[in-house]
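All remarks here apply to the structure that follows.
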Amino acid sequence: MLELSGVERHFGGLKVLQGVNLAIPQGGVFGLIGPNGAGKTTVFNLITGLQQPDGGAIRFDGRDLSGLKPHQITRLGLARTFQNIRIFKGMSLLENVMVGQHSHLRYGALGLLLASAGFRSQELRARERARELLSWVGLESQADEVADKLSYGDQRKLELARALATEPRLLLLDEPVAGMNSAEKDEIMGVIRAIAARGFTVFMIEHDMKFVMGLCEQIAVLNFGQIIALGRPDEIRSNPQVIEAYLGRDDDDAGPAAGQGERA
Amino acid sequence: MSTPQQDQSQLSDDLAVAAGASPHHEEPAHSSQLGQPLLQVRDLRVAYGQIQAVKGISFDLPLGRITTLVGANGAGKSTTLLALSGLVKKAGGSVDFDGQDLSTMAPHRIVQSGVVQVAEGRATLTTLTVHENLELGAYTRRIGKAEREAEIERIYQLFPRLKERAGGLAGNMSGGEQQMLAIGRALMAKPRLLLLDEPSMGLAPIIVQDIFRTLREINRSGLTIFLVEQNVRQALKIADRAYVLETGRIVLEGSGQQLLGDPKVQEAYLGH
Amino acid sequence: MEAFDNFWAVYSNLVLTLGTNALLALSIYLTLSCGMLAMANAAFMGIGAYAAALLTMNYEAPFALALAGGMAAPALAAFAIGKPTLRLSGVYLAMATLAFGEVVRIAILNTESITGGALGLNGIPPSTQWWHVALVLVLVLFGLWRLNRSRIGRAFEAIKEDDTAAGLMGIDVAGHKLLAFVLGAMIAGLAGALNAHLTFFIGPNEYGFDRGVEILTMAILGGINGLLGPVLGAVTLTLLPELLRSLNDFRLVFNGLILVLIVLFLPQGVWDPVRLRQWFKRKGGQA
Amino acid sequence: ADLKIGVAAALSGGAAQYGAAIRNGFQLAAEQINAAGGINGNKIQLVIEDEQGKKEEAINVFKKLVFQDKVLMIFGPTLSNSAQASNPIAQASKTVVFGTSNTADGITSIGDHVFRNSVTEADVLPETLKMAIKKANVKKVAVLYGNDDVFTKSGYDNFKKALADLNLPVTSTETFAKGDVDFKAQLTKIKAGNPDAIVLSALIAEGAPIMVQARQLGINVPFIGGNGMNSVKVFDLAKDKSDGLYVGSPWSIENQTDANRKFVVAYTAKYKMAPDQFAAQAYDGLYVASQALKTVKLSGNLADDRKALRDALPAVKWTGATGAFQFRRASDKAGKPAGYDAQQAAIVSVTQAGRFVIQK
Amino acid sequence: MLEQQLVNALSLGSVYALFALGFTLIFGVLGVVNLSHGAVFMVGAYGALQVINHFGFPLWAGLLFAFLLCGLLGLAIDFLVLKPLRARGAPHLIPMIATIGVGIAINSAMQGIFGAENLRFPAGTVSEESLTLGGLHLTALELGIVLLSFVLMGALMLSLKRTQLGRAMRAIAESPKAAYLLGINVEGLFYLTSFAAAGLGGLAGVLIGLYSNALFPLMGQPMLHKGIAVIILGGLGDVRGAMLGGLFLGFAEVLSIAYIGSDMRDAVAFGFLFLVLLLRPKGLFGSLQERKV
């Protein structure tokens, strides 16, 4: 459903992405891994319209995304979370999620001013939906708290709920479990599985191998701005190039992928 | 271009030197005995307004050892570290560092006395270049430019990725690159006690391995380390001593190996 | 009743100034609530005042029409400069909008045949009645209150917190910023139009830098966490010099110091619901 | 009983230096009048309020004076802009408002309760120009004025008209803004036109530096100044660069009439500084009003007393610090009779070695 | 005439730059648009005037006195107003509003004490005769202002760019928390900055007061307006930018007087500022930086 062909991106003289080709099929969970600074987040930035590619094309459901503003892309059914958490800290959890529903609320200026029936029912439905999404990630009990007070891990969950609120068909997650412990990772893994099961397609960046391998049907590996490998988790795990550049040979007991994959 | 996948032992040596574990490293004044407490925390309490984040914890950091503090999100780990560095107000308790009382000291004095922290979220200076960040790492040390540059060169050998981007603004670095920078910068201060808040967060597996390996190396050459981690398995593996923090209280303590084997820990933090 | 008549005779103008100042504070509140430090409100007020006054004086327009003109003219100006300007952020936006204000002021100074230049416009009929101001204030407050409780209010707040993230929530960031800017300009223009018909005279220097800063100060001082803040800020800042009248030569010294003290000791501004609630709780607890 | 007279003056803000001088003038006059037994045995009680030089404040102050303090009449406000806004209040409440410093056109067309003894520049500037032409052989001039201030701008308008009437060519017209510190760019441009004199409509804070900087650029032609330049401050501020400034005004510190000498001496003794034109006009203003008050029989009914004062005022003739004075009826926009302007002869003087020298 | 106008522009630009240096410094490090800087500037002029008038100080001593007096005033403002606001982490608009209050209080207090009249330095404090070089007129004072502003800029720039102290100041400007973690005495440097910036403001007050020859309580306000434009043009907090911004504004004003008409001067200057900001949103010399996502 999402297709990158020959995507280039430079920062000054630095070629961050060089001819990246990638196709994310509908349904399931797709992973993107690679060393720090390989350009993974940049891929997300290009897809969501925060940055423009210097070459190549990005298509979503066959539609060229070039020149579209972030909000237009979001309205096409794409949503994301951020590597450095970017929730709306001054707003309550519920409001955070309701912001995500912005483009799905349709009432005119008049309806708004007069608090028409349509206005009220839509607002009510949005509120209920927001509570439901918060409960998916296990934050419903804190719905009216200010988001700033959440711990790091909970902020990530909130970001996830907020992204879901835009009703995306494709969800981009940039390191969704960074800073979480394994119990929480398991929880999030469950949430993402549930999301995927509901028919959302998930495209995810993550350094935690246990997490990635456990969730993804397919994984692409980016190194120095180029895709160096693409395949099922077990293929990736044993790819010597990937081990060399990314996974490393863990001399600890648990073997390469699982051992150091506790977190990252 | 070089990848971090270089000669590991070479790297660790460099790191050890960079961390100030070399022979010319100053010896601590009082607790010169390995294993004697370098830092003693008693009944530390911190509150944010009404919320009690740390509710009276006590622990020791033995000289030359790695001590780790693990716990769930929001348990109060980062708060504890910030309190040690004097960045959040303590509601009570005492912190004794090698005979000095840190609990009333200004943050910059704490750093000057040798307690250096790599904070959560990295706190890199985004508007300064990578190189300038490293230069500032040595702020508390009155050393000449030549010496400083030599030490920065060692950090670069440790993280070649940083050398490639030396003149770039730190804010433009990828998440992982910033993490490397933060650690490198802390080492530039030649700490006597290094506080690390989730140093492996956001790093590629291969770098994580490097970091844990090098932490162990620096430690072997004499640096005392206090490590806060959610990567519990790794942390416990390298730790001499470990504490488990839950909602602001220490609920378990023991050696790293003991806790690794503890069923409660396994259940709560190590997963399957 | 006579006491009231007397009071009204002396203070009617002050009370009405309170009203128009409250409108101005609300106009900048609107852009602040969308995360923009836009300081063109003084200029928009001026454009509104001149447009309305010229309509009344040269075309003998009915008052309602003059007010409408006083809203439309600044709205158009805001729309025209909004698109390029609102890409700026923080102090840079403040500065660009201040610079726009200066350009407007100088344009008024140099179009003497229409605006009277530095001499201003004299003899504007005093058509503004107390209930005009009251009605307008109530309507604006109501409109903003409704806005705040809708998706648009949430979008403004989200943009204020983090406009990149807001854009990725499907919010048309540029569009909403422009909306806030234009609405703010309309309210400021309305305040200008009402004010012009209250004081017989308007001149270009009333709408300069100092007025811009004063408007901002009213809003911040009152607190921008809700609608009552800017209104209270306007009240405070308008009444303070009157209350300090007896201090004569040194009254502005106290005026300044009180400003500092409010900022120091009322972190959220004069209107701070959280603090008030705590305060009442404590009181209640004692009782 | 005391006679309550309101004074609205700008005692703080940018116009405070005029407001302060005006207040001094009134206080001096009130003191003298009261010391001499008051008016028909009644003492004058001044109610002085600060209007900050802002129109809203002026309105507030006027309302307070009219309705709360219940004064017989009001002096002020300091600036013409404020007067445009506040004088209608007095007019509507049938209270005399008497300006001593408002020179802009149209103030007295507000209504028949509006008086002023400040001579408008329309009357004075042609005299100043003629004298300068005569004495300094001026054939063409450059013009420099502050274009963002009512006072200097209306001064310029009057200069412009007078220059046109006199058929005097203008080499260039330049402007500056309040608060500028550097005028060399304008002066350099003026210098290039080689004028015989520079017509200057400025307040002293900018006017004095302009004279200094002109001399520094090697421009040594005379200056012809408006009302704002008529102050001994110019010697203080421009020091040895102050020579060659022509100013015209009914009042000059060097005017050696008895009334003026008495005023200058008393003022200097009381305030430890030399008076300026603003002080002199305020001083005379209160004397003019007191002449009218002497003829009024106070009834105790405020409205009646105010009306009586209003009716008595136009007939007053008085010779004070500013010389012989009487009122002249002004008309409103429609040409119907309105308030009262001042009718006075102007004295033109030129600065020489730190003094104003009256030109004949 | 063009040559003379260029000289005029240089000296006007230096006047603006001189004022803007302290102003931009305090923004650069404390992140505060200090709207009391105009008042501090005025206090410097009045302070020097007092000691020169009453104690017969020579000019250099007057300058030194103004520097110290204003430095202490800056410290007091920092200690009493800015520090408590920092301690509670108030967003940057709040200290700006507080400094408006401080400015009003200082301006009105000075007016209450010294009156609203125009004052000036005694004749002969500096020579007012101009040096004539090949038909160009320039006073010693102007020359001094031009040189001093360049020297001060150079010194500030060197110390900010090349030294640990300068790097530390930039670190603080970005994140006091990160600076603390590096062992930087953040509060100490805040004080130092407030002292130095206000001291520079005082120096500027004396020199510009000498230049215009008219001191009055509100003399700082018009300067403040221009100063804001200057530091924005140059890129906020950037010392070199303040200098270049000052010169840019000086040249824009003088050349528009010379070739467009003096009544369009401010329109041209501010129109330019408006345009510059649209084309370069961080000022002429501010570094454009993309935000990391």
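When the chains are written out, they are named A, B, C, D and E in that same order, and each has its own residue count from 1.
Simple rule for what comes next: a contact is a pair of C-beta atoms (placed from the backbone, for glycine too) under 8 Å apart; a residue touches a chain by one contact, two chains touch by 3 or more.
Heads up on the chains, UniProt names are A, B = ABC transporter ATP-binding protein; C, E = Branched-chain amino acid ABC transporter permease.
Here the structure is a predicted model, which is why all the values come from computation and not from measurement.
Participant: Give the fewest steps needed to get from chain B to chain C, where each step moves from one chain to a chain it touches.
Facilitator: The least step count works out to 2.
Participant: Pick out whichever of the two, C-E or A-C, is joined by more C-beta pairs in contact.
Facilitator: C-E
Participant: Centre-to-centre on C-alpha atoms, which chain is most distant from chain B?
Facilitator: Most distant chain from chain B: D.
Participant: Which chain has its C-alpha centre farthest away from the C-alpha centre of chain A?
Facilitator: D
Participant: Could you give the separation in Å between the centres of chain A and chain E, each centre being the mean of its C-alpha atoms?
Facilitator: Once rounded, the distance between the two centres reads 48 Å.
Participant: If you average the CA atoms of chain D and of chain E, how far apart do the two points sit, in angstrom?
Facilitator: Their C-alpha centroids are separated by 36 Å.
Participant: Using mean CA coordinates as chain centres, what's the gap between chain A and chain B in Å?
Facilitator: Centres of chain A and chain B (C-alpha means) sit 30 Å apart.
Participant: Just curious, how far off is chain D from chain B if you go by their C-alpha centres, in Å?
Facilitator: 75
Participant: For chain A, which residues are shared contacts with two or more other chains?
Facilitator: Expected reply: 41, 50, 82-84.
Participant: Two-or-more-chain contact residues of chain B, please, as numbers and ranges.
Facilitator: Where chain B meets two or more other chains at a single residue, that happens at 172-173.
Participant: Find every residue in chain D that makes contact with two or more other chains and list them.
Facilitator: 12, 147
Participant: Tell me, which parts of chain E touch chain D in their complex?
Facilitator: Interface residues on chain E, with respect to chain D: 1, 4-5, 8-9, 11-12, 15, 108, 111, 115-118, 120, 123, 128-130, 132, 137, 139, 208, 211-214, 216-219, 221-223, 253-254, 257-258, 262-263, 265-266.
Participant: Where on chain A is chain B touching in the complex?
Facilitator: Touch list, chain A to chain B: 11, 14, 33-38, 41, 83-84, 149-154, 175, 178-186, 207, 209, 224, 244-248, 250, 252, 260-264.
Participant: State the interface residues of chain E toward chain B in the complex, per the touch definition above.
Facilitator: Against chain B, the touching part of chain E is residues 164, 167-168, 170-171, 173-175, 177-178, 180-188, 289-292.
Participant: Show which residues of chain B lie in contact with chain E when the two form their complex.
Facilitator: It comes out as residues 85-87, 106-108, 110-112, 116-117, 119, 123-128, 132, 135-140, 169, 171-173, 185, 189.
Participant: State the interface residues of chain C toward chain E in the complex, per the touch definition above.
Facilitator: Touch residues, chain C against chain E: 37, 84-85, 87-89, 91-92, 95-96, 98-100, 102-103, 106-107, 109-110, 164, 209-210, 213, 216-217, 220-221, 249-260, 263-264, 267.
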